[in-house]
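Sending over a structure as structure tokens; questions will come in a sec.
Order as written gives the chain letters A, B, C, D, E and F; numbering starts at 1 within each chain.
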Amino acid sequence: MSKKIITIGEVMMRFSTPGHERFLQANTYHLTFGGAEANVAISLAQLGMKSSHVTAFPDNDFGLAAKAYLRQMGLETDLVFLKDGRMGLYFLENGSMQRSSKIIYDRFDSAFSLFEGEEIDWDLVFENVDWFHWTGITPAISQQAADLLLNALKAANGKGVTVSGDINYRRNLWQYGKGPLDIMPELIRYTHVIVAGKTDFENCMDIQADDWITCCYEAKKYYPQIKYITKTKRESISASHNKLHGVLWNGSEVINSKTYEITHIVDRVGGGDAFIAGLIYGLMHMDDQEALEFATAATVLKHSIPGDANLVKLDEIIDLMNEKNVGKLMR
Amino acid sequence: MSKKIITIGEVMMRFSTPGHERFLQANTYHLTFGGAEANVAISLAQLGMKSSHVTAFPDNDFGLAAKAYLRQMGLETDLVFLKDGRMGLYFLENGSMQRSSKIIYDRFDSAFSLFEGEEIDWDLVFENVDWFHWTGITPAISQQAADLLLNALKAANGKGVTVSGDINYRRNLWQYGKGPLDIMPELIRYTHVIVAGKTDFENCMDIQADDWITCCYEAKKYYPQIKYITKTKRESISASHNKLHGVLWNGSEVINSKTYEITHIVDRVGGGDAFIAGLIYGLMHMDDQEALEFATAATVLKHSIPGDANLVKLDEIIDLMNEKNVGKLMR
Amino acid sequence: MSKKIITIGEVMMRFSTPGHERFLQANTYHLTFGGAEANVAISLAQLGMKSSHVTAFPDNDFGLAAKAYLRQMGLETDLVFLKDGRMGLYFLENGSMQRSSKIIYDRFDSAFSLFEGEEIDWDLVFENVDWFHWTGITPAISQQAADLLLNALKAANGKGVTVSGDINYRRNLWQYGKGPLDIMPELIRYTHVIVAGKTDFENCMDIQADDWITCCYEAKKYYPQIKYITKTKRESISASHNKLHGVLWNGSEVINSKTYEITHIVDRVGGGDAFIAGLIYGLMHMDDQEALEFATAATVLKHSIPGDANLVKLDEIIDLMNEKNVGKLMR
Amino acid sequence: MSKKIITIGEVMMRFSTPGHERFLQANTYHLTFGGAEANVAISLAQLGMKSSHVTAFPDNDFGLAAKAYLRQMGLETDLVFLKDGRMGLYFLENGSMQRSSKIIYDRFDSAFSLFEGEEIDWDLVFENVDWFHWTGITPAISQQAADLLLNALKAANGKGVTVSGDINYRRNLWQYGKGPLDIMPELIRYTHVIVAGKTDFENCMDIQADDWITCCYEAKKYYPQIKYITKTKRESISASHNKLHGVLWNGSEVINSKTYEITHIVDRVGGGDAFIAGLIYGLMHMDDQEALEFATAATVLKHSIPGDANLVKLDEIIDLMNEKNVGKLMR
Amino acid sequence: MSKKIITIGEVMMRFSTPGHERFLQANTYHLTFGGAEANVAISLAQLGMKSSHVTAFPDNDFGLAAKAYLRQMGLETDLVFLKDGRMGLYFLENGSMQRSSKIIYDRFDSAFSLFEGEEIDWDLVFENVDWFHWTGITPAISQQAADLLLNALKAANGKGVTVSGDINYRRNLWQYGKGPLDIMPELIRYTHVIVAGKTDFENCMDIQADDWITCCYEAKKYYPQIKYITKTKRESISASHNKLHGVLWNGSEVINSKTYEITHIVDRVGGGDAFIAGLIYGLMHMDDQEALEFATAATVLKHSIPGDANLVKLDEIIDLMNEKNVGKLMR
Amino acid sequence: MSKKIITIGEVMMRFSTPGHERFLQANTYHLTFGGAEANVAISLAQLGMKSSHVTAFPDNDFGLAAKAYLRQMGLETDLVFLKDGRMGLYFLENGSMQRSSKIIYDRFDSAFSLFEGEEIDWDLVFENVDWFHWTGITPAISQQAADLLLNALKAANGKGVTVSGDINYRRNLWQYGKGPLDIMPELIRYTHVIVAGKTDFENCMDIQADDWITCCYEAKKYYPQIKYITKTKRESISASHNKLHGVLWNGSEVINSKTYEITHIVDRVGGGDAFIAGLIYGLMHMDDQEALEFATAATVLKHSIPGDANLVKLDEIIDLMNEKNVGKLMR
């Protein structure tokens, strides 16, 4: 029977300029939807898992369109609520060559940031759930969102659900009067798999060290429930050409995946989410090394797909792990 | 020498669905820009007037793109400021047949709404200016915008500039704690030409009467500086087929323009702004009857043009007034 | 609590030429999906009903995309199966003026036509269902499809579910060796609301009479379980301009709806399905006259929307019935 | 066996703005090709005739693309030459409602205008040809083009080919030092069917009269070889709505076709060429009244098709003549 | 005088997703046409040869559009027949980076597969023809197609026409009851130039060996009329980056062409057909080494062009062979 | 206070095929505008300079659209004149991989080529101007353009304005009876910074030498006012992959910039203009080495942007010079 995951977080309308047009030039925009946590849920739905996303949208046509998108991508939407507030938006200018991609966020006062979730019976939600995933974006948005997440985490832990959290520190958020160190440590205490780089350790966990591994061991001291810490390492030769591999610390050793050259990048937004989704799937179905290779192959494929979501199937990831059918013409 | 006009107001990015797609369907949006007052300024620039628009945009790529749009359309942009705040947005679903068009506004907390305009020397601005135009949208947005407008109006009156104001009452605005009757009467006191229908009279001037003409005479009692009151009368047979004509009260009589059947409407947004721009041009260059016919012909043509702005030339309006070259193929 | 409907039938990929391009000209096609019965289900889902569609798609990316579309449009897809066979296709050239629209079907050997449905427990399916809808297209496709439908109808009747059937006689189908008179009468025997015009009566029920009402009374004689017979009457002045109204016979009298002029038609495909969906909704929630007016207003709005599905909301239909907000600009 | 027609004339690249965008707005243009005489040839090829067009293009990628277009549309291109000179261009802004469509021509110094045709053996060309068609645009372009046409006309008459000429007087052409009265009379002397309105009679034949019929009889006096004179009468209610019918004088009487209301016009460019093509086909296969009805039905259908060419089939025209399948959905 | 080639085979409508969108995402498709043999004919027409393609299409608008495409691309279409049956279709999802491209074929029961060609006088067809080209796709489709091809081959051999055959083994075809070894050997017996890799030798000629050259010598034993065997060697670093070169065995030695790095691939479909067309042209006009270099340069350029067909001119291929004007801006 | 630059030259409409379509395939073209000198002015306007361009357009909608474009891109347009003559045009087919890009020019008889500029008071124009830039395209177009430029150069020198000239020798221009050696030397005599490669030295200055540096010293002998000579060195590995760096001779030494690999090129047209603009900015604000690095970084970024103009901001160029934020995702 297929495993079940719950994710929580804001989903935004994403307007991107066509081709490599700059914001100054574009008079047509492509619309899709995206949000770090929903991206993870969609990846896992494409891999065959039952995935349900918790969020709130404005009670207007955009909220309905966003919900329809989540359904189209295979999510269960029983926990999608239509409420007061704006639709969160983000605008993407796709870079090329040495020119960076740019994102303009416009997400303050969104329906999700105002959502208190009183209608949710969290204990019921986590019945028969295998995994819960959150990111550090949610508690950075508003006090309501931080509280909502804390409630969810407590319930998930109560039900014995495995929890992953992508720390994902973003300086431009956190504008509601609290700082990450006020909020994040408590949330991390309920989390078993964390995604964190050195700035995340420093800003959200107050852990500083010269190298990432030391940070991992430090983290384990304060948060003994942590089982895995992970990250991707990316070298940006240009906006069109990156090298990347995954790193996983499992409490006793650091594992590195194969390194991929990815040239001719189509869309790198959501690459991190694809990696996490891959790792979640992997940790549920494979050993640690395989799980990491699976996660890395998943994020590589994401870079070839327009939009936030990693629309790939299980066999495509497995094939890439095994260097099979790479860049061919499949008839 | 060409006449000079100043306008003031918010300009938004306008995202519209292609063809007649609904918000639920669209995954491509067309971007242009629009705002009632800037639409008027652009119309007049197309007719050969010097037109300068006062506004504020966020200091990011969208602010630059919006300013570039105003320049492209022929406006002077010395009084366009890049400041803190969001870009105002609106989203348009173009109706058809019996199905109405829909607009979703997303304009709160825009750079314009926060703009206090301390850097503007209003007396200098109104040197050698012939006309100043405002709408009731500006004071409905925020206290800052209402104050900014009041300063402008005082200076304009001080310099003897003719002032027009489109009352344009919108219930969904006015959310900053003041109501229209708190604010509008003082602004109207500095205005010579007003655009008002019966709901405008009632909500913004506290004038109620059975018929529009009585409202006009009542208004004159309380605002003796008013010289003209005007409006368009529109009958919506469907989203694609309207009938309309213009009405002008000049203090002594009511004048009606010819009535137009407009079928196969391309875009009716900005129709009212095109009418006002036509009337401003007309009152500066023609007698009252001609001015009204000119204004009505201008708004008719607007309905054939995608986007907010009435991109027509003087001879096109004159031709339509004279029933010349109507719907032909001009080689 | 919202009512539940089940529909059954083939869903095809629909490729249409852009604008009014002819097949000979087009090198871009718009893709959406459509099928008479699923169109009905989607309409009802948009009105707030629980709608589940029974169908089969090929087990490839097109099958997945079609299923994703149904989910996006609000349907439950537990009864969508991925099986052997092709994806049914249809190609649409959108007419204009006096020039007719053209459809090229390419649906033979589709996964649905080969689907035997052995995995379906029909009794379970019809638990707590309020309505079941089928059309005469399904039994015209293949013996398997006809058998599948018959099984469903028996179970639905067994559970006391109200059944509607759109006779929808199409000469070009029925190529598997049986004729409509071999198959349809048995199916109609399980049906309470039928959509039929005079050619349907003649070809599928062997009933001929000079006028439609007589046909209705004749039908009642042979199929005493029938409660309603309905149809739309359409006058095609051009591909862009039709007049239409609905007609409903309720066993004792014939009711006519208001007649609508619909000019500037955007897309008339699915107009009949929108009518039926409206009638189903209406008969469940209103009196006969209102139900018919509701159905007619629903189909009118469909003509303004690109694609097969009638993406309108309850209040939009109600407003049109009441001549409110017709062809306006809703801010 | 199918009849054969030869046409001669310039073919231009046609760049049109999308939808109803004005030249000031457009940043995408649709490319097709068009020229009055080639439009006629293409219409006739679609009706099943052998059609060969004589023209010259620049010897570059645009010349090849233009030739490829003619082949695609069914013409024989043995008499298409690649030579020195520019590609003729025209730019179309598609009007709507009361706003006229606009064409900007950019055709001077085209390869066709410089083409002397020395490589053509005209006697050979007209072997087994049934009809030759020219327009007054060709001799208006350059002395070379006028001479080329005269040579063709002499040979066509020598071979007993029926000749039609569309006088099509355009004031903006005729810039090479000759006027229409210097050139056109000699060309008309070789022509049996002419398309002419009153301005054509006056400017190209020096015939003035109060009414068109008198012009016809006058023309016959000076050009006794003329058998038919024809024209369309068009009333432009708007750019989207015209009324039109055809008129044919056959030497003894004036025949009028049925009048059509054409609303929701897609593209009226090439309407006249579609009429002439229809008349040529009609006069070869029907009696005079039928030929005129056929021609008028043909031009009506053209207005529904984007591009210069009338891409309709024989049965579509016949059906419209017979008021069959008008504006339906043909499955 | 230019050489003449005949090709035979199915031509399909090709619908491809835009950019790098996946089938699950696309709602717009680009249409062009393609088929291995017609692709070869088009390449050769672009190089100035007389090229005529033998095929059958359905007698509907798609058949006409496909025929028009072949004419546009420069082919003679006297041997294109409109018959019963479907239009063959294929759908392309363009890969990128490590993600493979995907093709979904939908070609069963096509007009071509049912075509028996009784109306063709093959001896007449091959009068004055220099070359005949076929592929192993045709006999894999249906018994009718295999018989049709055999008839053509016999006639071609009877007239002394050089014959090339691209073995092109595809496991998914061959569903009509015969296997490749039942059919291919007889066809190969009439063929002088074959394109074959090791799987082709094994499956269609029952020849297995450790290396390709041994296969070639084996083939010559059984098919002594063979003069050349050729193939391309492609290394797929990713969907966007391949290395390739051509290999030619001329009965006495194996020749290798220069190896090209092709990065930033636009469209690799039809790459093999471009190679064969280049080789056919080369073998008619150059020595073996030059012919192979020409063929390889031709296929390299194909990868830069969207669509199936290699729309390049003679001088472009020659320039690339000579490393002249590579990747420049040609003004 | 920001510096002011004047540029002079023709601006053309630029129609480019979408994606990598060839001219033979395209039926949609993207329109933008471009001209070497205006491209420089726009680059500098984006960097914050006051930039005014001198040119003439036809007095029609295209002239207005071109002027609107220049305004949109930040130029002052007081010296843009609407006159008789055509709009200059160019058509771009964007290459890929080994396939070169192609430009078809169609600029003869343009309004600019006929423009005599009698309405310009050059002394007034150059008041308070810091820099004047011209290219060798202008004097190559017509005698009028050469004279106009000479007048401008004399006035610029009279006012002490620094002058740069991009020699830019193009063999296909120079068709009005004069050769470059008749005209260019006098113009160069008024110029302080020249852009020249070896063919420029030879054809426009009659200077030949084995190496570029010797040419520079030779040039200085004849044109002692020259302070800088510069060029870019570009290696075209393919149309998608170039290497380039800048070279600057400052009278005493040759400076080379860093060399950039630019893969995944979006649009290389205007690359040279971006370099010159960068150098002009650099020489006004930095030392020689920094100026050259700035210019080279500027041209690198241009290759990532569709259209002629280098729409980058100061900090983007500075960042690239400093290898900061290269190819990242900037949130």
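Note that a residue touches a chain if its C-beta (ideal position, glycine included) is under 8 Å from a C-beta of that chain, and two chains touch if they have at least 3 such contacts.
Note that this is a predicted model, so its numbers are computed, not measured.
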From the options B-F, B-C or A-B, the pair that copies B-D, where over half of the contact pairs coincide: B-C
Copies subunit F and subunit D - interface residue numbers shared by over half, same or different: same
Cα-centroid distance, subunit D relative to subunit E, in whole angstrom: 41
Chain centre separation (subunit A, subunit D; CA means) in Å: 62
For subunit E, residues contacting two or more additional chains: 22, 24, 27, 68, 102, 263-264
Chain-to-chain touches, reported pairwise for every pair that qualifies: A-B, A-C, A-E, A-F, B-C, B-D, B-F, C-D, C-E, D-E, D-F, E-F
Subunit B-facing residues of subunit D, complex: 19-22, 24-25, 95-103, 105, 170, 172, 236-242, 263-264, 268-269
Subunit F partner contacts - residues on subunit E that touch it in the complex: 260, 262-266, 300-301, 303-307, 311-312, 316, 320, 325-331
Subunit C residues within the subunit A interface of the complex: 68-69, 71-74
Subunit E - residues contacting subunit C, complex: 15, 22-24, 26-32, 60-62, 64-65, 68, 86-87, 89, 91, 93, 102, 104, 106, 108-109
